[in-house]
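In what follows, chain A forms one complex with chain B and a second complex with chain C.
For the complex of A and B:
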């Protein structure tokens, strides 16, 4: 069913002196099962954009807003169904853990949707397995977990709803390298197991090129680039002009080419670089 | 008024001896027997996985926490001394992770003035200090702006200016770049490096980004409340396996270099930065 958005505009505080045009005329088509990363510097509109996907924000204007078969422009969209289908993991989601036990926290979403008994237990335990939380943490307080475990518990709470679209706003910020890899593996496992659509906001270009099938670049509320990582990063000067960073490999390729080498600019991952250097092709 | 930091005939900015710390009296030690000296003018990075005690260590360095055992001297002042605690905090400025939690005023220059005004710096000197602090972080043009309209990197630079206006000798940054975009991270890191280089401000930089540490004078790696490895970046990043066991990794350029070597591409094994890797690859490409 996917996501189909046309001419989405969002203005904060419309009609007031504080009006801010946060998202402007964005078209977005995302098919089921895509893994999309959204990048852009602070204030580029990326968080505002993704918050429309589960109805947290409503478009100031749009010509089309169809998310997983639900038309958000109709008078009374089925918000409940939308939020069941689109799961949202916010920045620092571990600050939103609130129940007495890890189990209850993860169970909160499905319970609200009327899941109970064995089915609920199964949903919670499945999610815990997915994120790699050992079963013995089930009856612990979320506050007894380590930082990385708390983040995984928070993500498990969203995965327990089995969303068809998983939206994550900087899910790896503030984690140590291992914790970061754990989270990326969890997202990858959910993606490959359920074929859910993944939409992730991130600032870490090295991670993005290794996980994403598609990269969307936001700038001043507009979608300015949209394509495969190879496409998007093959114009490194444009990316830098947009105030963004390059993947480390792209940085090196750009510098090599500036010195007179001829490495294709689409080489943005270390595997690409190895292949180019050993086989002479990108 | 008196100089905020007391000059002592010693060159150590921080001197921690047998320091332990626990949050609750009957709790476990989250820091265990730390012995650490940070020299004046040094740029020290602290690495370690989530929960290893980095932030606790940072808070002991400016007297936010007092050691449960042992002593912490900051510029020669004992952080447990009630007479010295305000001087300790003025001397050791701290910048935290979230830029939005560190703003107190609605105008940038008032935010920067908050600290020195509180300790009674006279008006004329206050003006001077605020102007100098904003200039030092490259934010003079934003003096009259509203902090909430700035980017993350700009907000963190204002937070640093607020600390600089106290004329500190030591800056402690606890994951100050964690919430920033790549440009913001670069702005903050280069600002702090410049302050270290040009104003000889001692820096303790805590981070999860390995690439931010490659130019440090010294790295400290923490695990389970102890400092378990210590050395120059080049020394420590040579221990790939040890780092992995400590839930850390080598910087991205070093990882790429290692992958290249595994595929028979001859680049040195001590590469840390993209610049070094570019030089090595350039040499490799010129040979083949």
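For the complex of A and C:
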């Protein structure tokens, strides 16, 4: 199944003087079970791009839009099926909590999808366990939770729909380091448990190299780089020219090479650097 | 981009836009009074010329002017019909059952409809050419004399500008939450009434919570910067009258003089068919 998009273009306010070409001619092929990170400067079109994946935005023009077996170019795609298959976690998702209890809030998604009774309870409890919310929080108001817990409850509200594709827009923004690690672990656990496709927008390059199997770089509405983290970060000057940062390890490699070392620029993970330095120099 | 959602302000550079907001507010108030006082078609025509001339000088396209009438189409029609059939003066032109169409009725109905159109388009001129921020500044300045009577002019103006400032923020927030809940299967456009009400709750509760949160943050930020109300406060943009304001005032006075003259001359010459 997977995701297959060709020549996607999205223009905000078309025909008005405020028209903005947010996404331009993007091709995207993502197979099942991939862990993809999308990076790019503010306004590069990454959020616009991912909002097409579950139909929150409709393409201004596209030659092909097939997502998890649903053709989005047909007149009336089955939105409900699409939204069940593609879950979307927005920035600061804790601001969408609204129900009286954590349980009800997490149940909101699957309930809308027609899940009922024991199946619903199981779905809610499963995702609470997955995000690490203790069972006693179930009957608490979402507003009684701590910041990190609220974020996890909100993510649980998306996971409870059991999406086959999970899209996350900067899920770790504004959390402390422990909170960040918790969320990344939750995403990783969901990925390995269900083999779901993960598409995550992030600004933290170090997290990206440690979790992503593939990195897509957006710039001014276009997809400019697409490949494994090693490929993408192997041209550090290009990344810097796009206004993006480098992973810490790439920065160290760059610095060492500037002082006369010859470490391949594709080394961007800590383990790889350590291995290279210990084995390569021996 | 954000300005788009803020009221009806039509952002171009024109002599009308450049006028002091106080001049514009007072002119619009006087014009409305004139429209109400005026009792002849001739006077209304003068007002219409004034409105058209100002919209031309302000570079406001006619289509934009007409769009401000959209809100009162129904009222306009209602007023017209009511006047046509309930004013039974003059010659009977057409009769059907209890409905009488008289020349006096038609005149009266046209007069009332024109008056309404002018009132609305005239008020529209103010909001097209004056940004909401200028408007509140102007209002605050005009209300200053009332401070002597312990009227909280500054506070009211501050509340107005904060409210205006928050419109685009809350619009954006609504859009975000709506998307997030749609992604969770909430349906705002179709489905049973019960389901749709549930979807609206999922939008309103987070919106309300965030409005309170933002209000609290703003209050804190204002307090941290020692905000203490209007007393002794200076402003970044000081309102000043220019020569063009004098010209504008002269034009409005001329209009008033014309209508006053028109009233006394014509009323004394013609039979009073409007009353």
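Just so it is clear, the second predicted complex is superposed on the first by the 280 of 282 C-alpha atoms of A that agree within 3 Å, B and C clash if a C-alpha of one lies under 4 Å from a C-alpha of the other, contacts with A are read in each partner's own complex, and residues count from 1 in each chain.
To be clear about the criterion, a residue touches a chain if its C-beta (ideal position, glycine included) is under 8 Å from a C-beta of that chain, and two chains touch if they have at least 3 such contacts.
Model, not experiment: these values are computed from the prediction.
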**Request:** Could you say whether A:176 touches chain B, chain C, both of them, or neither, answering first, second, both or neither?
**Result:** first
**Asked** Between chain B (first) and chain C (second), which, if any, makes contact with A:108: first, second, both or neither?
**Response** second
**Message:** Output check: A:137 vs chain B and chain C. Expected answer is one of first, second, both, neither. What do you get?
**Reply:** neither
**Message:** With both complexes superposed on chain A, which partner does A:270 reach: first (chain B), second (chain C), both or neither?
**Reply:** first
**Item:** When both partners are placed on the shared chain, which of chain B and chain C touches more of chain A
**Value:** B
**Request:** Pick one for A:18: touches chain B only (first), chain C only (second), both, or neither.
**Result:** second
**Asked** After lining up the shared chain so the two structures overlap, which partner does A:56 touch, if you call chain B first and chain C second: first, second, both or neither?
**Response** second
**Request:** Would you sort A:161 into first (chain B), second (chain C), both or neither based on which partner it touches?
**Result:** second
**Prompt:** Counting only touches as set out at the top, which of chain B and chain C does A:48 meet: first, second, both, neither?
**Reply:** neither
**Asked** If you look only at chain C, which of its residues touch chain A in the complex?
**Response** 1, 4, 176-177, 179-187, 201-202, 205-206, 209-210
**chain A contact footprint on chain B (complex, rising order)** = 48-51, 97, 151-153, 175, 178-184, 186, 208, 210, 244, 247-249, 252-253, 255-256, 259-260, 263-265, 274-275, 277-278, 281-282, 284-285
**Asked** Given the complex with chain C, which residues does chain A contribute to the contact?
**Response** 18, 51, 54, 56, 80, 83-84, 87-88, 90, 93, 95-98, 108-109, 111-113, 143, 157-158, 161
**Message:** For a test of understanding, state which residues of chain A touch chain B in their complex under the given definition.
**Reply:** 40-43, 91, 146-148, 173-180, 203, 205-206, 243-245, 248-249, 251-252, 255-256, 259, 261, 270-271, 273-274, 277-278
